[in-house]
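In the two assemblies presented below, chain A is common to both, partnered first by chain B and then by chain C.
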Partner chain A sequence: MKKNLPIIIILILLAVLPLVGLSSYIMHILVLVIIYSIIGMAWNLLGGYCGQVSFGHAAYFGVGAYTAGIIYSKLGVSAWWGLPLSIFVVTALSLIIGFICLRLRGPYFALGTLAMGEVLRVTAENLVKFTGGDVGILIRERTWVGKIWYYYIILLLAIGTYLLVKIVIESKLGYYFVSIREDQDAAESMGIDTTTYKTIALCLSGAITGIAGAFYMNYMGYIDPKVVFNLHDISIVTIMVVMVGGVATYWGPTIGAIIMVFLAELIRSNPSLGAAHQTLFGILLIFIIIFLPNGIVGDFPKLRKLFRLGGTPT
Partner chain B sequence: MSLLEIRNVSKRFGGLTALADVSYSLNKGEILGLIGPNGAGKTTLFNVVNGFYPPTKGEVLFKGEKISHLKPHQICKLGIGRTFQVVRPLRRMTVLDNVIASAFLRAKDKAEAGEIALEALRFTGLYEDRNVLSKGLPLGNRKKLEITRALATRPEMLLLDESFAGLNPSEQNELIDIIRQIRAKGITIMVIEHHMKVIMALSDRIVVLNYGEKIAEGTPLEIGKNPLVIEAYLGETESA
Partner chain C sequence: MAVQIELFLQTLIAGILLGGLYALIGIGMTLIMGVMKIINLAHGELMMVAMYISFWLFTLFHIDPYISVLVAAPALFFLGVGLQKFLINPVLRVESILPENQVILTVGIGMVLANLATIFFTSNYRSTPVDYATKAFYLTDFWKDAPIELSLSMAWSLSFLIAVAITVALWFFLTRTDTGKSIRATAQDLDAALLMGVNVRKMRVVTFGIGCALVGAAGCLFLPIYYLFPALGGQFTLIAFVITILGGLGSTNGAIIGGVILGIFESMTATYLGMGWAPVGRFLIFVAALVFLPGGVASLIRSKKLGK
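Presenting the complex of A and B:
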């Protein structure tokens, strides 16, 4: 109980946060933070714990978003049904991508997933009849005008994702994922069916990312291939979120999402820096890899020591 | 009936013949030493038995059933555990977690996996080090960890690939004791080793490979006198 106290306080704070009357802009930033922390947690499951570094998470995000968009635009069903439906669609996609990419190891897997993300973007751009192509999909009647309910929904999804990741990692699956990350051949000779367990990690990771994508469609009301299949804004920022926050830690993706989203807004709102935001992200990543290779959460003891040395000695 | 039977196994990598028509079998409960000069094909043979490589020709039978062409994890499930020549601990996991991960193979839940793991750690004497990150272990204990991890899969047969390399004499003696105790539990062992003292002390029978071919098979005494073995190790008598 005592151990859970900080988490409960954080949850209560998050629950009452929108009630203090934050501006629509701040609410939007909060929703973005939570979306990225969900995708980060999902990526972490596959990349952080299972060691399969994906550069193509935009594929799952985009397909999730388009699942919601297409049932709305083609079938006239509420796009909210896209959330449950995207689980099935994206899991099926994950199986296909897994079948192709999981036979590759290390950097080749990363390249394979990167290619899959781009393939899907080009497909969405050209499948005009189905996806509307570059025109995208627009939801004309939004569910809510304000952002509060969207905030609560994505917050619930984030809490669900957090719990799911925690349960998975502390179970047999978690042990198997980490074993595969540390040494695939050793894992295999310990009786672990590495192909199956990597596929499970990929499907879980993909499905969660897909739900986030489906939510994004509902939340933004507009998507096009360049936004939801974006290599930089989705695939690479997701990796950065996890790297900055802490690979293979429970809170890393959330901390990383807060830092990355606020940093991106800060840089973009400054006209003299705005154009250089990708460069600045790159520099940040280099610093993190050199000085905090385990991310802020992973290297927290190191950080605390550093500040104690620099600050007042106790 | 023999527990493991290696039947006319050949393994070629392109033009290189790593194993040529090797046949022998292991009886239940025995310790078989596999020796030979560097590059003789010992580890390749382990990789064939363990399922990392399918044999180019021939087959491997375990308890009368063909296991060549199965995957390593399936072969492990059937009851063959192995260790690696270059130790491969799961570095960023504690010793205990390493063993729990492999104990899950026979456990229905985490509690049972934990019990199996602790039992195996007590058996090999790593219990005190169970909360250490495995990358921080000294070499001797890493070798033990490999064996513990293999034991936690509850094998009927264990393949030990140079578990003694790099150990000091007292660690070697300790490990000889452990291996004898493993055999006392009824586990059959095939061991690759370079230390003649260790292999002579441990093995019931020895198989000698040279350039991928089996050149001798017999008790340690017979092998020590075999002219072909002496030639393989010390060179031809004329040129010596």
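Presenting the complex of A and C:
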């Protein structure tokens, strides 16, 4: 109980937060933070624990969003049904992508998934009859005008994701994942069917990202291929969220999402810096990789030592 | 019927010309991949930098893009050496959970380059209006009563010929000189090369430089026939990667064949399915290569040789 106390306090704080009367802009940023931390946790499951670095999480995000969008625009069903439905659609997609890309190892897998994300973007742009092409999909009637309910829904999804990741990683499955990351050949020779477990990790990771995508459709009310299949704003920012926060840690993605989203808003709201936001992101990424390769949470002891050394006068 | 044959042949020629240029981009990436075992995801962005160098040389000093290869390629060589020495080498020494850090690092480099280009040169589309851009050779000029009419753009054929010349020069460098042989030895077996007295560390730096110089040259050759904008890099990085997968990872000969196959395939999809689908065709061939021919064209060449 004592171990879980900080988590419970954080949860209560998060639950009470919208009641304080925050402006709708702040609420929007909070929702974005939670969306990115969900995708980050999903990426971390595959990339951090299983060692399969994916550059194509926009594929799952986008397909999730388009599942919700298409059932709304073509079947006239509420886009909220997209959340449960996207699990099946995205899992099927993950199986296909896994069949193709999991033959590749390491950096080659990374590029294979990157290509998959781009394939889906171009497909969504060209299948005009189905997806509306570059025009995108617009939900005309929003479910709620305020953001509070959206906030609670995405918060619940985030808690669910957190618990799922924790349960998976602390089960036998988690140990299989880590063994694959550490040495795939050794894992295989110990009798672990690496392809199966990598596929499981990919499907779990993809499905969670897909739900986040379906939520995004409901929340934003508008999607187009350039937004939801965006290589930089989804796939690479997801990687940055995890790299900055901490690879293979429970809280890393959340911390990373808070830093990245607030940083992005800060840079964008400053007119002289706004144009340079990708440069600053890139420099931050290079800096993190060289000096804090395991992220803020992962290299926390290192950081603390650094600050203690700097803080105490000699 | 004659019209259809004409269309087909014209598409084929365009594909081969495009493929020759693609091959040059692919070779740069495959060299880096073979020696350093990392994927350079800033490859297309480096090409974009070379294209801007070439563009400004043309605009300010009226230097022809083909001549600016002589400036842009060495410039890119030194840029590559710098990136390798000051950014990639330090990361190779850092302990971390994910070994893919170097790949993510090159993404960061690419982002910075693309964004800086946007800031300094704006995101306008630019091109170099060379006076021979619209000139072309026609089949009827050489063969008066040819049944079909084919044309060959002058800029395209010049670019193609220079690309072939550079490729041949590279082949001589890799097979006939000491440095070239050391590079190939490092790619084949790092430890053995080290034992044979090859300065592996230096070879890595040199290879990264050469890879960048090659893509830089390709950029200058693309400039007269293409347009230029800061976000163009990502697309060419993907092309380079598809070529390397298609050709077989780390194989130079494979990259040449892969480039030509991709060029032909792309121009076929553009002609028969529509321009928007050309990128999909690119990835279809990539997926097909992964599923049916995981070793790439190089594995086919090898098995043919073994069969004899």
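Definition applied: the second predicted complex is superposed on the first by the 311 of 314 C-alpha atoms of A that agree within 3 Å, B and C clash if a C-alpha of one lies under 4 Å from a C-alpha of the other, contacts with A are read in each partner's own complex, and residues count from 1 in each chain.
Going forward, a residue touches a chain if its C-beta (ideal position, glycine included) is under 8 Å from a C-beta of that chain, and two chains touch if they have at least 3 such contacts.
Predicted model, so just to flag it, every value in this text is computed and none were measured.
In the superposition on chain A, no contact is made by A:105 with either chain B or chain C. Once chain A of one complex is fitted onto chain A of the other, the partner contacts of A:193 are limited to chain B, with no touch recorded for chain C.
Between chain B and chain C, more residues of chain A are touched by C. Of the two partner chains, chain B is the only one that A:171 touches; chain C does not reach it. Contacts of A:302 after superposition: neither chain B nor chain C is touched. Once the two complexes are laid over each other on the shared chain, residue contacts for A:119 go to chain C alone; chain B is not touched. Interface of chain B with chain A (complex): residues 50, 52, 71-74, 76-77, 81-82, 84, 88-93, 97, 100-102, 104-105, 110, 113, 149-150, 153.
Listing the residues of chain C that touch chain A in their complex gives 38-39, 41, 87, 90-91, 94-105, 107-112, 114-116, 118-119, 234, 238, 241-242, 245, 249, 276-277, 279-280, 283, 286-287, 290-291, 294.
Chain A contributes residues 170-172, 175-176, 178-179, 182-183, 185-194 to its touches with chain B in the complex.
Against chain C, in their complex, chain A makes its touches with residues 47-48, 51, 53, 55, 99-101, 103-104, 106-108, 110-112, 114-116, 118-119, 122-123, 125-126, 181, 231-232, 236, 239, 243, 247-248, 275-279, 281-283, 285-286, 289-290, 293-294, 298.
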